């Protein structure tokens, strides 16, 4: 490749996608290099701000949490105004990518339901996902043999947790159904004309109810919104979905739309494993890609940016840097880069100090680190009050 | 009636032996079947090759039992065969002693060219020099335990799980019953004799017999790899040492083991250091072992027994077993203990113990366990239904065969949540299924226990891709499913 | 290759991106067919799963796998275990040797009885071999010391000599000296591997390797016109065939980007190519090199209204679409390209594989050709009209 880009982004996960989008929006040319897919399609597609406090109690108002308690946290020095502008930007970006959300940013966390029937806080979610301000009655849609969405048990957990009723409506097996179908198989099917017609007939035959109709996340991959709209008219109440474990259709929708948008903005996606980086290049087996800046968005342990060795040492796979040693599981969250500027620009989960499993702040950390790195590569370091050190 | 304390290999083996002599039996197990040592071993069905130099008696017994078990418990045994491989740093003298020892007990050993072995076992270390084939096999512990259970119950034997013996009732120094505690509270069960087959807990149980026995507990740590990397058992041809056996167990391979004296009869979590140590040893046989996908590490506690001796290194304690009649010592009459031994010889141990108990009860019938094959369950023609565990291909229909089982029992019977993802993708499915018979709070608590049980063995081996598997499991559990989050408030 | 066969995390990223799963409700998917079947088969002989042959061997699963499980190659080993009826076996043996098919190109269409007997998909037509005259593009615009071995894949060799000549002419005016390799219709082994015959793939690949080696003093770089061959020679050979090619292997669109600036300036002086165009990087192109380069090339060449294809795989899969049992899958995958072509009213498709091109051309009813074909046409237009435009702009 002869033509150098402005920024080389290594990694194709949420942080890599966001950094690339920010550069592209400013008219920059991006080369994304990845030897895998990134983790976005593993998740349901909700972006958390702050779901739990340090005692694992749910946070109702994440804005207030960051304002009052965030000083123990890498993102604690970020002003409410800054958070607002980042979330607003993400929401607007999604809008241009045809990822639908509510017009206004949420002022509070809302509650969503997990496939275990449990309630979980949610912040920025696409409109197809079921959320509610207060737990109310729901009607769950059972899908034959879909083991990740066992509605009877979910309904029992839901009622046991919230005291609210959860009714059930069952779909039949569609004529195209095959044993072993997961949620994604259903979604591909419901993207077809035949599938959509069949589902419409099914919902039409449902006994009426007064609560929102809650599906597992199977309502198509590419044509979800129109299907939900049609079903909503038919049911007369809200229709929404609950994300399932992988293969997660919600995250897949985001990934497809996001990457489609980036492709149309001229982002080159280079397939391959980076062996070495310098200030303005990334070297792969047999080729070298040049760019103005290099951003590492290779992920944490799950994404593969960091690797754990047999002796417990945690190392950046590409840079070969040792970042610490794990002894107990809790250590995993606290090991990673301490700065998003050194030794290179780092965005996403390779940075230490954030534990989304415990705190539900994965979305916020992705925003914080991606914007911080973007500021650095676009020469606006001053925008963040401290210089990227945790 | 005889009460057997302990639902492991020796306890269930004994119950089966007694029942075949028409002696009524009840087994009392404090956890689940096989939750102690019997469920925590490498799965090797010894040919005896391992002991031909160090412990000829044990070697002879192993070879004999090896052939008996293939006959009577074929459903739980895979006659894979095995190799003993000598590595550079082992002297020729030992190899010669070993070959002589094998000949002495009539073990069919054949030298095979290393090049030929390499054709079926990839990436054998370059320093492997000689190889000898032996009739080793694989003993699937849980399969055999559940098989014994089935046969015991078919003959009217009763097995109580999650039941603890708290005291022994006796009259005139003679056993007349036991006091037990289960989830419904305490109760007394009358009996004519009681046998302590409590494995590492035998020392504690013996105290209830008013007679202490000095157990020498030894902890062994093993590593499980995700795939069946070897088609047969691989032993290092050397005096028994650490990390010198690899056993192909189902779709996995197990590397064993270490041998460290310990006090606590409970099996504790393996440490990262132990796992690392085993990896170093295993790499003497397979240089690329650090790239094998590891799954977990686990420890078992060997209930070794050597009366009245100060022990420094447990490797030198006999693997032989001992039958103790406490009435002949200073303890209660009608109380017995079965200690020591190893999985391969469980049947022989049970036979000797049952001989003693039968003599006490004045029953003249002798053991039939070497002749009567264990019956396998009649395969019910069930609709398999959707798959619950994809790694181990466990269907809804399979789990539904045991409707009231706990998640743990489902796991050890069906192998659900035991594959490469360690329940990441199926743990919650199992818990939600269990909710058909359990309350939400019980099912969620069992799910949490399942996660902790899996993580215990998983964490010490979180390196490489297994660390990524761990991270995926944690994210799904805490974020996607919110298993342990706020809803209880 | 064997290295990571046991690494699967069960994350299902492969499942989420598998093009066949998205249209074929019967297909068990890469996770079940690859690492899961393989693991079971290691422990006990396991029958191949139904529909294992439905895999197109696009390798998208491997490219998205976070732990480098050679998923498609494990599936290929499973395909090899499958027993077929004699006529299907015979058909597959022939299709696994596309060099034979290419040498028979002069025969024209497949006769109907043979089609039925051999279970050849009724919708698929072999194209008429293209042998159009290629006129010279004039003096070289620069000089590049690298000698290029232009890799003529079996399809181009049999059916599209015109493309080869156009590509050769372009390379020549960019200042390279060009040799055609391997010189006769030969296959790199990709077709056999895809069809589930790794053994044949290796022997075919080794034969090709020997031929290339005989001529290795004639070239410093190999330039490919087909993404599948490109990835096979550079990435698959060392890893799965035990072959190490010592010179760089580069796809045509990347060498095109290194063409002299003058060439691009001259093209830029032409008005934009009217109408919409679709650039489709084939699945194997995505796996081997990535996505977006073709689109960049198209824009640079003046196809300003080009839009990147949203289809992961067109369904051609080498000889995959030829097999009657794959008709529906291949058709539905191509339907995605057709839909996009219709909605954007595209005039043509720019793509990096000859067999994918004919498949898409039949599905979308618009011409689909290799970028070299379009670049040549554009430059010819420059030569014919260029000076007029230059006078106008000056």
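By letter and in written order, the chains are A, B and C; residue numbering begins at 1 in each of them.
We take it that contacts are C-beta pairs under 8 Å (C-beta built on N, C-alpha and C of every residue); 3 or more make two chains touch, one makes a residue touch a chain.
All of these numbers come straight from a predicted model, not from anything done at the bench.
Enquirer: Quick check for the class: compute each chain's Cα centroid; which one is farthest from the centroid of chain A?
Expert: B
Enquirer: Work out per-chain C-alpha centres and flag the one nearest the whole-protein C-alpha centre.
Expert: If one averages C-alpha positions chain by chain, the most central is A.
Enquirer: What's the distance between the Cα centroids of chain A and chain B, rounded to whole Å?
Expert: That gives a centre separation of 43 Å.
Enquirer: Roughly how far is chain A from chain C, going centre to centre by Cα mean, in whole Å?
Expert: 33
Enquirer: Which integer distance in Å separates the CA centroid of chain B from that of chain C?
Expert: It comes to 54 Å between the two C-alpha centres.
Enquirer: At which residue positions does chain A touch at least two other chains?
Expert: Correct list: 42, 180, 246, 248, 304.
Enquirer: Note the residues in chain B that touch 2 or more other chains, in rising order.
Expert: 425, 468, 472
Enquirer: Give the residues of chain C that touch two or more other chains, as numbers and ranges in rising order.
Expert: Expected reply: 11, 32, 66-67.
Enquirer: Residues of chain A touching chain C in their complex?
Expert: My answer: residues 1-3, 33, 35-37, 41-42, 176-178, 180-182, 184-185, 188-189, 221, 246-248, 252, 260, 263-264, 266-272, 286, 303-304.
Enquirer: Within the complex, which stretch of chain B touches chain C?
Expert: Answer in residue numbers: 122, 225-229, 248, 250-251, 291-293, 390-391, 393, 420-421, 424-425, 465, 468-469, 472.
Enquirer: Would you mind writing out the residues of chain A in touch with chain B in their complex?
Expert: Going through chain A, the ones touching chain B are 42-44, 48, 52, 56-58, 114-120, 145-148, 150, 152-154, 156-157, 160-161, 179-180, 243, 245-246, 248, 300-302, 304, 307-312, 326-329, 332, 356-358, 360, 362.
Enquirer: Which residues, counting only chain C, touch chain A once they are in their complex?
Expert: Against chain A, the touching part of chain C is residues 11-13, 15-17, 21-23, 25-26, 28, 32, 63-67, 234, 248, 254, 257-258, 286-293, 295-296, 299, 307-308, 310.
Enquirer: Spell out the residues on chain C that touch chain B in their complex, using ranges where they run on.
Expert: Residues 2-11, 31-32, 36, 39-40, 42-43, 66-67 of chain C touch chain B in their complex.
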